[in-house]
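The chains carry the letters A, B and C, assigned in the order they are written, with residues numbered from 1 in each.
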Amino acid sequence: MNAFRRMLRSDSLGLALVVLLGGAALSIARPEFLTAYNIDVILVGFCLTVIYALGQGVIIAIGHMNLALGATGCLVAVSFGGAMQVWGLPVWAAVIFGLLIGMFCGFVNGWLTHKSGLTSFIITLATMSIFKGISLGITEAQPFYGVAESVKAFGSDRWGPLPETLLVALPIVIGLAVFLGRMIPGRQMLAFGGNPSAAELSGISRARMVILAHTLSGLLAAIAGMMSVARLQLASPAIGDEWLIASFAAPVIGGAVLSGGHLSVLGTCLGVLIVSLINQALVMLAVDPFYVQVLLGALILGAVGLNRLRESRMGNAPVLRLS
Amino acid sequence: MMNVKGILAGALLGAAVLGGAAQAADVKVALVPGGPHPYFANWEQGGRDAMKEFGLKAADYRVPAKWELGLQNQMIENLTAQGYNGFLIFPGDPVATNSPMADLQSAGIPSIATAGCTKDPSPALFCFGTDTGHSAYLGAKELIKAMGGKGTIVHFTGNLVDPNTQLRMDAVAQAVAESNGGIKLLQTIADIDRTPQEADEKINALLAARGKDIDGIITSAWLPAVSSATALRRIGDKRIKMVGIDHDKVVLAAIKDGFVHGTMLQNPYGQAYIGSYVMEEIVGHGCKVNDKAPFKSNALTKRFIDSGTGFQGIDGVDDFQNTMKAVTAELMKTFKATYLICP
Amino acid sequence: MAALNTVQTPSPRPGERDAASAASRRLSGIFGSNLVGLLIAIAVFVLLFGFFANGFLSKVNLYSISRSIGIDGVIGLAMMTVLVTGGLNLGLGAIGVCSAMGVGWALQSLGLPIAVSMIFGVLLGAALGAVNGLIVVTTRLHSFVVTLATMSIFFGTMILLSGANGFNALPRVLTGFGRIRMYGVVSPLLLIMLLVAALLFYLYRYTALGREMLAAGANPFAAKLSGLPVERLFVCCHALCGGIGAIAGVMASLRNGAIVPSMAGPLGADWLLPAFLAPVLGGTLLTGGGVSVSGAVLGCVFVEIITRGLYMLQIGEFWIQTALGLVLLGAILLERGRAAMALQRSIGR
């Protein structure tokens, strides 16, 4: 376990180096990179992405997948907006309503996956369609514009370079790191993800683990959905559409293994930062739009490859980790 | 056994539907956008109004559940099987949408490329929509005028797989070139009309990095317009001028509050209303399109009819709907005489 | 028919293995009972829609269903060939579109004959797939990250080279081919799909190469120890995926009557759903090593039928996706119940 930990930490070290080097290079090329406004822009994107990436991360940790993550966020976002605009609920009530919906969606995913014994891939594929369909059905593809002023302010206010959304994201990141690293249910989840049969033999309840992870994932998706509403100042049924690939990419870049049992919260954060740095660089360096996609792919591959190279130099890479 | 029965029953039903389509009086128009998008919301009303006023059997707004070319094609095939005999289609792709249109044509069903054009040679009766390149050009001109002919602008536009994006980029470049060196195009950001978050991040990143060098913003796609308007409101100093596109509430409110200079309106209501009317005349009353009509031409087609585009500044921004209904009424006055030949 | 090769691997293979492999053992049992389930489901839905959905069994509809099954089936089969390795290919759509654009370029810009252009396209697809495979085995990164990056690179390069302009002056033979109706209801695209399926079936069932691919995918460690060239096999799987993806790209173009970069959406991502849905419904393991060619084909037919049928039932447009999800969920849960009951009964006996 200790060796495992050490590797985990060094995993993140390489990524941190990539982030630092990239950030340094960018701030030399473009001094504006370090302005308060720009750091705020990066952090706002970071806060949102890291929450839904961790929402996928906790599912990856038990070796499952949640394809319905974005659809859950979308359903919560439009319910949140609708609750304020149509029902005129106060913000706190709308937030609770949204959180409950997200947790319920996650619970349904977990419960169905557990009860049916099918892979979560199939279950969440079906529920993705259901959740997304309900969002479109409620809104008929129109956004809700009646978002409360306090919510809008939360999405755009900042203190210097620090956006208010950090107030939500930071506790979540820290809380989740503590949960997975120090608390019993969290460690049980990772153990279960690493080897379900062994975990069950040692008395960890399969039902509890699966439902816990999925409900947690739904909760995080709900928070990310409502943060999107605050940021965009409207509740659009297109929220969540681009989460799927990004939600897998960040934890995987951060060292998570899709087969479960391994999730680095810090690594996930760094994974999010790497992708957003690359995106920033492409905008700031005024890259021709036709080259953007090519460079994006090449840089992702480069960043991850660099980390892998460093790992294998240090002899940390697993002997054979194919696929 | 059951299976055979089912097939028989289905075949009979199918035959009945196809038979029904042959009756001249029953005109069922399907309005098929490329996917769910607020732009098309006014199509529904336009179709409904036309149905009531011109006595169509149906003018139904049928939206593919997602923005996928394959899904739209399937949907058109499905609607054909359900007996729709006139189609207003937003081309999911200017070239590829010709294929379902050709299928319709070979079944004797007319279609109009609506809100966007298909590329010639096309089986569509004609293209009825906004000339995207021209609209971007006019928008850029308005912006340059508002900036007093001097300064640096940026252009936020749609997705690169859509050839219209290239037209818009060319149009803005042309407007910049015509400014005699007074205007500089600092940067174009494309591929940001997919999701609001993506547009928000890239636009804010650019404003953060180069904001002080930027004097004007032109947007030629829906989501970038919304995100830019929100971003300018957030910055709040009203120094940067912006011309947006379409009629999202966020953009209109920003115009009203002075954060955005204006927007290039399009006329989705009129597209649906007039398009449905044309179908009634052609399918129901045997009219034909006048091949010698004074069609406009654009980069995609020589059979283009402008559904009206116009700059909407702060004046009259509250009743922009009426502006568009007036444009529609104006078009209607001469439409039949100009573009149709009726028995 | 499952190429039954669910070698049970003890520890480090991907998660959900209990659920997935138990399910697959039961579902795709010795005679592939999930195939029976899928067949029953397909028959039930055809009957239901035949009675209740106006025009579902009309020739127009049956023909267009056959065409879509042809294309989506090949997409699903392409993904299946790489799921064998326990990996995946997010860039399948990007490779399909790039290869199709390559065919268009060869035809229209180089003026090459049709057959040569087609072969060029398939080879291009296979080469792009092989690039994925090579990066995966040399860097040992997960294929998810690798194909996420190459998807962007391949598609971006294609847009860059083509300026997003498609090819619409295809030879008449080709545009006509996509419209051929055999017996009024069968598209030749369906036959191409069946041909691809038959070849894959042969590959996994009767050739040493196919069996080695399965063995390597089921347990790379064991395969390596027993002397199989696991790396080379994986590259082959990725190349095969690319080649079949290219065929799918060309088929989609034939249906469109033109080769356009937007045919699979931005980055070709529109293909992801059909690509995973068909093989996984058909019993292919995401953990690698187990495929079911006929399952993938039936999975694709099943999805196509419920999608089409629901559209024809005229449920409100915006609710269709919900209905689709509910039917899909209901059907797989029922099938699960049926399989469990069948198992109980057989134990009871």
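Basically, a residue touches a chain if its C-beta (ideal position, glycine included) is under 8 Å from a C-beta of that chain, and two chains touch if they have at least 3 such contacts.
All figures in this text were calculated on a predicted structure; none of them were measured in a lab.
Going by the touch criterion at the top, tell me which pair is linked by more C-beta contacts: A-B or B-C.
B-C
Just grab the chain with the largest centre-to-centre distance to chain A, centres being mean Cα coordinates.
Between chain A and the rest, the longest centre separation is with B.
Would you mind pulling out the distance in Å between where the CA atoms of chain A average out and where those of chain C do?
Taking the average C-alpha coordinate of chain A and of chain C, the gap between them is 28 Å.
If you average the CA atoms of chain A and of chain B, how far apart do the two points sit, in angstrom?
35
What's the distance between the Cα centroids of chain B and chain C, rounded to whole Å?
34
Which residues belonging to chain B are in contact with no fewer than two other chains?
Residue numbers touching two or more other chains: 36, 63, 65, 160, 191, 194.
List, in ascending order, every residue of chain C touching at least 2 other chains.
Answer for chain C, listing residues that touch two or more other chains: 159, 163, 318, 320-321, 324.
Where in chain A do residues touch two or more of the other chains?
133, 136, 140-141, 290, 292-293
Which residues of chain A touch chain C in the complex?
62-64, 112-113, 116-123, 125-134, 136-137, 139-141, 193, 195-197, 245, 248-249, 252-253, 257-261, 290-298, 300-301, 304-305, 308, 317-318, 320-323
Using the touch definition up top, name the residues of chain C that touch chain A in the complex.
11-20, 22-23, 85-87, 90, 135-137, 139-146, 148-157, 159-160, 163, 220-221, 224, 230-231, 234, 267, 269, 273, 276-277, 280-281, 286-288, 316, 318-326, 328-329, 332-333, 336
Can you tell me which positions in chain B touch chain A when the two form their complex?
It is residues 36-38, 40-41, 63, 65, 160, 186-191, 194-198, 200-202, 204-211, 223, 226-227, 230, 234, 249-250 of chain B that touch chain A.
Under the definition above, what is the set of chain B residues touching chain C in their complex?
Chain B residues touching chain C: 2-3, 6-7, 9-11, 13-15, 17-18, 36, 61-70, 73-75, 77-78, 80-83, 92-93, 95-96, 98-99, 102-103, 107, 119, 159-163, 165-166, 191, 194.
So in the complex, which bits of chain C are touching chain B?
Spelled out, the residues of chain C in touch with chain B are 43, 46-47, 49-51, 54-61, 64, 68, 71, 159, 163-166, 168, 178-179, 252, 255-258, 260-266, 270, 307-308, 311-312, 314, 317-318, 320-321, 324.
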